[in-house]
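As written, the chains take the letters A, B, C and D, and residue 1 is the first residue of each chain.
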């Protein structure tokens, strides 16, 4: 058996960092060797620095690891970043400059020209942008949690029928707000119809993700017009989104369902460990998917769609569900790292 | 002091019936004299027939009333109907034929040609359709709870700038499903993205409500195209809706806010007891209105709007909130009855 | 590989019946062959008769099974009963008379003199009561969901230090009320401080379970005095209970923790498939166990205890948590069946 | 009409401070003149310093007040304190020394020998302890929110039948944890069986409140033994508590109900503005009181009791409900101030 690749996790005490730790347990390729966090945590054992909020118990070995500062003196060359956006930009740049591959869930570098904004089933070819980066190492980013499920569902439709307009309204889970996040008094018996910066991300990120790879950057898919409205609801995990689309060539309902059912991407071809067998599951029932019922499909890595019907204003409307902290954050980031490894980028560092 | 008008309530043991009873307490014009329900309840004291689920305690006098069958032998000539749609059609017709004025919250007669589908601030003039009815008495109906808030917010905009397209996604409260309604296991930590028949109502009712009064019927406002998507969320009271609109003449943001702020209808002019002072309250804050914070505005009879902003696909997007069991059901029905009285229709029966 | 034992499930469309189906998937010893339900469902395919509410998808084979009436003409000789208590008494008797082994989750036969009320870790020896039954087959029952977790935690303490008094206050999950169960409007932002019949069960069942096996019946442990108060809270799964105990011989805190940590019963010795490795997990943290965090421990078959501290009125107080629909219902019943099989009772029917 | 007494509020931006502001609106005796908060807020307009989280809108006049530092240079001589316990001790002492009457909701001075720990219906006579205080002004404190409802319900029983033992288990509302307080991810679909310091307060405060007034201090009612267990549940407002009691003289059930129904205290005799007409409302229904249904009784100032029944381990068990931020905090504090005024303590400062 091959030796596992050592990885470091930046922002290891936060909720995304903890999810990395939870999901990487028993990963066939990667093993956690180093954990980084703020100065306040550095020097402490992880179990003393972190307020562990995941459902599965904290692994003993991990709990005893000493937390390091987030400076590029790590032994692990593969770095997962769950850093807060207030500090991610510089730290990630520093690590990349120093030769590390930074697979980030933070938003700071998402729109850097030479940084791929990746959903491996959607735009695996964007990965080669890394070769254009000035860094000794590299940076790969993950889209926003509310973007990922939607674009995963739209990709096969865009390929087949070319999307012109997207209208999306979200009902997003609490875990998307981090921890402690939304106070309980604000959300029980309530909806909060605002999430700062979220609508802007949903209206722009898809244009890069669905864009064509040019010479040294992505050519944005600017022909698509997007409107997003984002709401927070009293759901623990799982973003549900109502989506309306208009195409250049209006397909039949059956063609859309076929496109979803037949959708496979590079992660499925390469059989990456975190790849779901089916990236998108279609439900014909009137009232599915629902967050509580379908969010954990394929360990939270598959998206779900349902309620497909013709729309009086667009061509079709339907709903999309995906697990925001797995597929939409830590799990998606891990899948990015798996692609990086499968494509040989990590060969020299192993 | 004038003698109060005696009213009967059909479907008095159901959740809408109970809300009628709660809201009519101390009404300046109306007093509850008779309660009607199914054969199973008839003959019992109300307190024994009904499982009282309102927050305010049941009035002693009401609790001792004997429940009657729903047949037109009532002393009260003004009848509020909260009947289930499975039985409302015939019973309401029978009462109207027998000379009663039936103010109904049920959906059965909403699209009868000669029956007004009323929101008094929006289409008070439709009330005169009653004169075309073949009944010795008459029938007036209330729109669906999710329609009312939206149309209330759209009316001043339609009058000023003529609406062409409406796109709405709802996050609806549990009380809209009646009692017992949605099982707790289905909605805690969840969203149910389907409410049977609701989307169809939202796509059709506004066309009648916003229509012009013709000779003997309403001329539907068929130039407006509407798409609706309806979801149930873990909120007790208050339907929140994201709305997008396109106009014939695109106004400025300020013009829209002015239209809302200056909006007044016949109930305000007539100072009807249940009329809110302002039918629509505009909030400039990023994250308002919210169900828990604004649903009770003006005793639940006022709608709230907020988050007005330009939209990439339509002209504008914003959110609307209204209390679904007050403004959207029993309270709206009472306002209809008040209009009927103010317009002199009840003079002969008093 | 040994051939699996065919089992039938009575009350298969209800929530306990569905949980049996979900949990028996891939069971090493048992396979579902027949499903029974009310006359209304009989003759239909299971997928048409049942409103499937479990989280895991319904197995295709099961979904196509034709639902049978609940009359003792089944091929399977091992019968799981999740019947409603309004019909369970006679049907279970009929099956037992006809030679079937009925492993029931219903309350009707719990206090029959010759029927074991079983928690296999606690009173496995009671199983031999079956030999005293007049039936050609036999009946074994499961305690109430709120009783099981508590008695599981108390058994090692009673064995070691003899319990004299038990005071328990429960905060019980919604799934304990069946489906549709508690209406959402009744429990969101609320606690319902009453569950019909529950306190009586908790005050009596432990006396039988903890009793000694006599000649032809259980000698109740009537020296123990129990007071129970039961509340329903807005939790999907997992009954949390505060427990206070007084002993004949007051142990130290460490002795109690040791008793829990070393607790093993017959299911552990026999390594029954559904037996948790540790029936009781002790947590030293101030704020554990919590329903959401610990209910799924050992697939929901292990109980959790914590917050052990001296009590001013009793000797000690602590909290107990267990998964009410797994350990406290369907899973516990399956463990009973496994014990029956391991003890040879099913040899003749296989 | 008499001129109103000017009051200052310390900790005005916190959740207790905000509740003071909300409840004092239109108070017949007091008017808010000054608001104090931390250095960070001082100098700002209140609307800019506070994140207003109350349901009723912030009064315009208040919103424009400039926040002051918490140093004793206030014009108002009556001071309400909702200060955090980390700073309350010294600041309250400073104000009292400087001649102010500090009516506090903070815990710091509750056990000072010369400071009354007041529930006006229970121990109004303790108020005279103020005369023993070394301050130019004085300090009066309010018990913990979970203590108040329980002691209010126990007072008439203790007077009539002498209580020996109290066993209490609480299910406490989220608003008791302040704002932002409990993260939503921690409590939706969950119970948190721990509230730091709460059990200790419930086991000690009643001994002082129910104590007799001695020469210069309260003689604690140390004959009563109390055990408390405290839990946080997903309820916005309203602490529900199961209570078991043993008396010196066991009364009948009817005697207990009579004691509750006839209970009146000094606030009722003096008809203080915030005094409920009945401090305790008894419910005979099986499943009442419930937080959502009864917390707002008499504007949140009345407690509710129900489910009274004999207990196998104590004499009786029942449940108590009270509104934790009204009766249990700001409202209770205001009632203390009203008593102070009615007893003439504020005459010299008006």
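Note that in this section a contact is a pair of C-beta atoms (placed from the backbone, for glycine too) under 8 Å apart; a residue touches a chain by one contact, two chains touch by 3 or more.
Note that the structure is a prediction, hence the values are computed from the model and not measured.
Using the mean of the Cα atoms as each chain's centre, the chain most removed from chain C is B.
The chain pair B-C and the chain pair A-B differ in C-beta contact count, and the higher one is A-B. With each centre defined as the average position of its C-alpha atoms, the distance from chain B to chain D rounds to 41 Å. With each centre defined as the average position of its C-alpha atoms, the distance from chain B to chain C rounds to 48 Å. For this pair, chain A with chain B, the centres built from the Cα atoms lie 43 Å apart. Touching of two or more other chains is recorded for residues 188-189, 234, 236, 292-293 of chain D.
Only residues 53, 174-175, 179-189, 234, 236 of chain B touch chain C when the two sit together in their complex. Of all the residues in chain D, the ones that touch chain B in their complex are 55, 188-189, 292-293, 296.
Residues 165, 167, 169, 171, 188-194, 196, 203, 225-227, 229, 231, 233-236, 240, 242, 244, 286-293, 306-307, 311-314, 317, 319 of chain B touch chain A in their complex.
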